[in-house]
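After this come two complexes, each holding chain A, first together with chain B and then together with chain C.
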Partner chain A sequence: MNNSRSIKAVEWLKSSGGITVTCTILVALAVSIHKGPYVLVNTLVTGGMWALMAIGVSLLFGVMNISNFAHGEYFMIGSLTAYYIMHPLKEYLLETPNSFLAFITPVLGIAGATLAGVIAGILTDKLIFAQLRKRNREGWLLNCFLITIGLSIILINLHMLIFGNTFKGVVNYWDVPSLALGDVYVSVDRVVVFFIAMLAILFFWYLMMYTTLGKKIRAVAQDENGARMVGIPVNRVYSTTFALACGFAALAGGSLLFMFPSYPTVGIAPLYNSWFIIILVGFGNVAGAVPGGFMIALFQVVTRTYMGEGWENVIPMFLISAILIFKPYGIFETKVRSVWEQ
Partner chain B sequence: MLLKVKNLNAGYGFLNVLWDVSLNIGKGEFVALIGPNGAGKSTVMKSISGLLPPKSGTITFDGQVINNQDCAVNCRSGLSYISEELNLFTGMTILENLEMGAQMLEDKNKARENLDFVFELFPRLEERISQYAGTLSGGERKMLAIARGLMSNPTMVLVDEPSLGLAPQVTDEVFNALRLLNRQGLTILLVEQNVTKTLKFSSRAYILEKGKVVLEGPSSELITNDHVRKIYLGT
Partner chain C sequence: MTQSTNENHTGLSGLLNKICLSPLGLLGIVFLFFLPLVPPFNQDYMIRWLISGAIVAAAAISFDFSAGYLGIVNFGYAAFLGLGGYTSAILSNTLGISPFITIFFGALMAATLGVLTGIVSLRLRGMFAICFTWFIGIALMGLCMKWDWLTRGPLGLQCTPFFESNSSLPNYYLILAIMLLTYLALGLMIKSNYGLAFRAIGQNMEAAMTSGVHPTKYRVINFTLSCFFAGLIGGFYAHYYGILTPELMHTQKTVEVLVIAYIGGRLSLWGGIVAAFPFIFAMELLRSSLSDLPGINLIIYGVFLIAIMVYYPGGVAFFFKNLTSRKIRRKEMQQASIAQ
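Entry: the complex of A and B
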């Protein structure tokens, strides 16, 4: 028993997934020793959030066969909402300091952002995709592709039209001293954001594995007609899926506002990142999105550190092309699983 | 009548498959729908269940017209459909599949009872309770699909070709289970190609050819009917 488990572990280490994960950890350690532990901190802070984005994209594809190219715009909606909650409160706090309000402001901002994403997701499903489902499903993939591209353009331009083409950001969340971990100083914001991502991922995993709602979502993903045959209200499950996926994107947008100020196209980089992750770990591999998120984040931080700003999207692009050529199912060899391919 | 189908026309796209099909099934009956491959038997089942909206005609279940009602709503009003393709959740365990079958029940004790009941009916499922549905054998999948369809306490089940591709003794197991369920009051509409066996188990049967009902009557009479003997029994 123990022996067979260790044989399995060795085999996994020798697989492409194992090799990549091991290499990532080694690179992370090497770079932190060479350039200082901030590399690691930045990787952890953004990686968790990119994982959340990728989980959303993966979920929408796995459950509804929608490849959402507007997913970055829910990140944008999140950051915009967080800004319009936090900024006025912070202005007010400058004049009338209040420690409780100062503490609660970022919480309100991030919670508000998530709520906005959930609502936007439900509206997107009800107003667009539910209508499309009522008609026939012919050409569904292509239709959804075009719709999400169009939605992305519309949302970006709406942002520009209503809120203007400016950077809307906050410098930090909490005005408290940085935490000292040995000689490394890490701002509280970063630590909290990392834990928010971990909690959200944990919440998602628990939801999908152990709750009836999660099982219903999986049932619809695995066999939509089967789900209807056991009386699952499929349309409601679809709306919930959208709410979850878009809620996570907006949570990421709200949580990263101090690093990524809101502006019309702020969602594009996160969108690219989630697609990088998905191609890296394989379509529909929701669990793989978590290590994938950290890998991509590390990759980008390392490229930025050694090659300079701007290269962080070029190099992953090469990597993605290589993966598509040599490992089209991703490093974990996931088979594409979706409603139509069961 | 529990289920009344009147002048049903249905098909796929522009293609019409069913022509004025009418069926009547009373509470507690065990009715069979027999016919050659491609006659439209599965299309009848899909239309009744709500997976395929009919082109015209009326379908009444328990006094309510259910023509354009979603399959999920029909299931919740007691009409359970066990399809030819089975539509199992292949990435879930047997237990999870069965839980999903009972997800509409508010009373969790009832769900527990139903679970015990289907395990009694198909002990093999209990032995493999945490095995993934996608890894089961053909016969076990059929059993799981039937069991899942029973988890919601239906008043009527539509069963599409449960014997397709099964070894004879497994077929017997499935048929015996259906007979037992019928004796306990469950109304059954069964689609089958195994004509001899079906006519022995069912009380009444309809014969569907090229999308039309060509014969109907008590199974014991049909078994001696010349047309049936010539075409289906080969005697």
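Entry: the complex of A and C
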């Protein structure tokens, strides 16, 4: 028993996924020794959130066959909402200090952001994709791709029109001293954000695996007509899926407000990243998105540290293109590809 | 204009049909030729709007050539425009050659990248191909930003203009000629056996392979041609505006072209021209009259794209095709009733 398990582990290590994961861990360790552990902290904080974004995109594709190029805009909605909740409260707190309110402010902001994302997701599905489902299922993949592009333009420019082209951010969430881990100081915000990401991923995993809703979503993903035949309200499941995916994106946006201040095109980098991750781990591979998120985050942090600002979009791009050519199913060799090639 | 398939016209329309035009199309070209001479279109800013319309129209034609027929959406299209523009601008700046010659070098450069992309992305289809071209585009834009010893990065690269005169009119006729060249070259390609092969591959690759169509060859040819014209248009863009920034390669530019191509209708090269001029005109008018609301024209872009995709996925070309086929059907029905 124990022997066969270790053989399996060795075999996994020899596969491309195992090699990449091992290399990532080694690189992470090497870089943190060379440049200090802040690299590792940054990787962990952003990686978890990119994983959340990628899970959303992957889910939307797996269940609804929508390749969402507007996913970054839900990130933007989240960060915008969080800003407009946190900023007035922080202003108010400057005049009337209140320790409980100071503690609860970021929580309110992040929760509000998630709620806004959920509402935006439901609205998007009801107003656009439900209409398209009713009318025309032909060329669905390409139509949806173009629609999400249109949606992205609309949301970016609406932001610019209504809230202006300025950076809207907060400096920190909690005014408490940094945590000291040995001789490394890590701000509380980063630690909390990392745990939020992990909790959200756990929540998602539990939802998909052990609840009726998760079963319904998986059933619809497998076969829409079959699901409809056994009495699953398919349209409602679609709306829920959209709400879930957009809620995650907005949660990421709200949580990372202290690193990414909200402005119209703030969603572009998260969008790139979530597509990197999806290509890296293979289309439709939700579980792989978690290690993928950390890998991409590490890769970008390393590129930025060693080559300077701006290169982090160039070098990973070549790498991802190479992966796309030589390993089109991703490093974990997922075999969910039929729909992608229509 | 061109896409009616069952025609054995004689005389002028038959001759025109051989070079991918119809009487209506010829009329349209003559109209576009004389438009900037007629008031109120003879003012310089109006001609500038017409030029941006023609640029987008030409780009939409060559975009549709691979997106519509082969089903490969080149989401990094703007990067090919930019590559052509930068190559041409750098050559004419450093070697002092006339831009009329260097834009062809720019086009060749873009075509070379097109060949490489075509060969490399052969195994990819659908979303994979879209993502791949997108990443190529982002990477090229990033390179342009960072290699500022060559491209001067976000500061912008000065380009020598085509003409010494202050009027935009010669530029307009130049881009009109480029647009026509693009349309005729790609239209002839579509009319030939190659076009049939493109369509077959676009509709069902497996079936096409079974019938002996080699997808590799046709995909590379298609991609190369599309990118060649992208480079040519990019070269015009550079020397017309006189300044080139990496912003040209942004995905936003691709989206602009894509919206026009799809509003014009897939599988019709001329749809892009018909859609581009009124649309760009309306956009510019809107932008200049509502200058206190920045970005409102782009919002309308997005709304249009979504509305077209949801309610009328065929676009303008499909509307025209529907119109003519309905007319033919009515005529046939009349003849049938007479025969009875």
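General observations
The rule is short, and it goes like this: the second predicted complex is superposed on the first by the 336 of 342 C-alpha atoms of A that agree within 3 Å, B and C clash if a C-alpha of one lies under 4 Å from a C-alpha of the other, contacts with A are read in each partner's own complex, and residues count from 1 in each chain.
As a convention for this text, contacts are C-beta pairs under 8 Å (C-beta built on N, C-alpha and C of every residue); 3 or more make two chains touch, one makes a residue touch a chain.
Keep in mind that what you see is a predicted model, and the values were worked out from it rather than measured.
Put chain B and chain C next to each other and count what each touches on chain A; the higher total goes to C. Of the two partner chains placed by the overlay, neither chain B nor chain C lies in contact with A:91. Touch criterion met: A:222 reaches chain B, while chain C stays clear of it.
By the document's definition of touching, of the two partners only chain B reaches A:234; chain C does not. Counting contacts as defined above, chain A residues 342 meet chain B in one complex and chain C in the other. Every residue of chain C that touches chain A in the complex is listed here, in rising order: 71, 73, 120-121, 123-128, 130-132, 134-136, 138-139, 142-143, 145-146, 252, 255, 258-259, 262, 293-296, 298-299, 301-306, 309-311, 313. Residue ranges of chain A in contact with chain B, taken from their complex: 212, 215-216, 218-219, 222-223, 225-234, 337, 342.
Interface residues of chain A facing chain C in the complex, by the touch rule stated above, are 67, 128, 131-132, 135-136, 138-139, 141-143, 145-147, 149-154, 156-158, 160-161, 165, 272, 275, 279, 283, 310-311, 313-314, 317-318, 320-321, 324-325, 328, 340-342. Looking at the complex, you find that chain B touches chain A at residues 49-51, 70-73, 75-76, 80-83, 85-92, 96, 99-101, 103-104, 148-149, 151-152.
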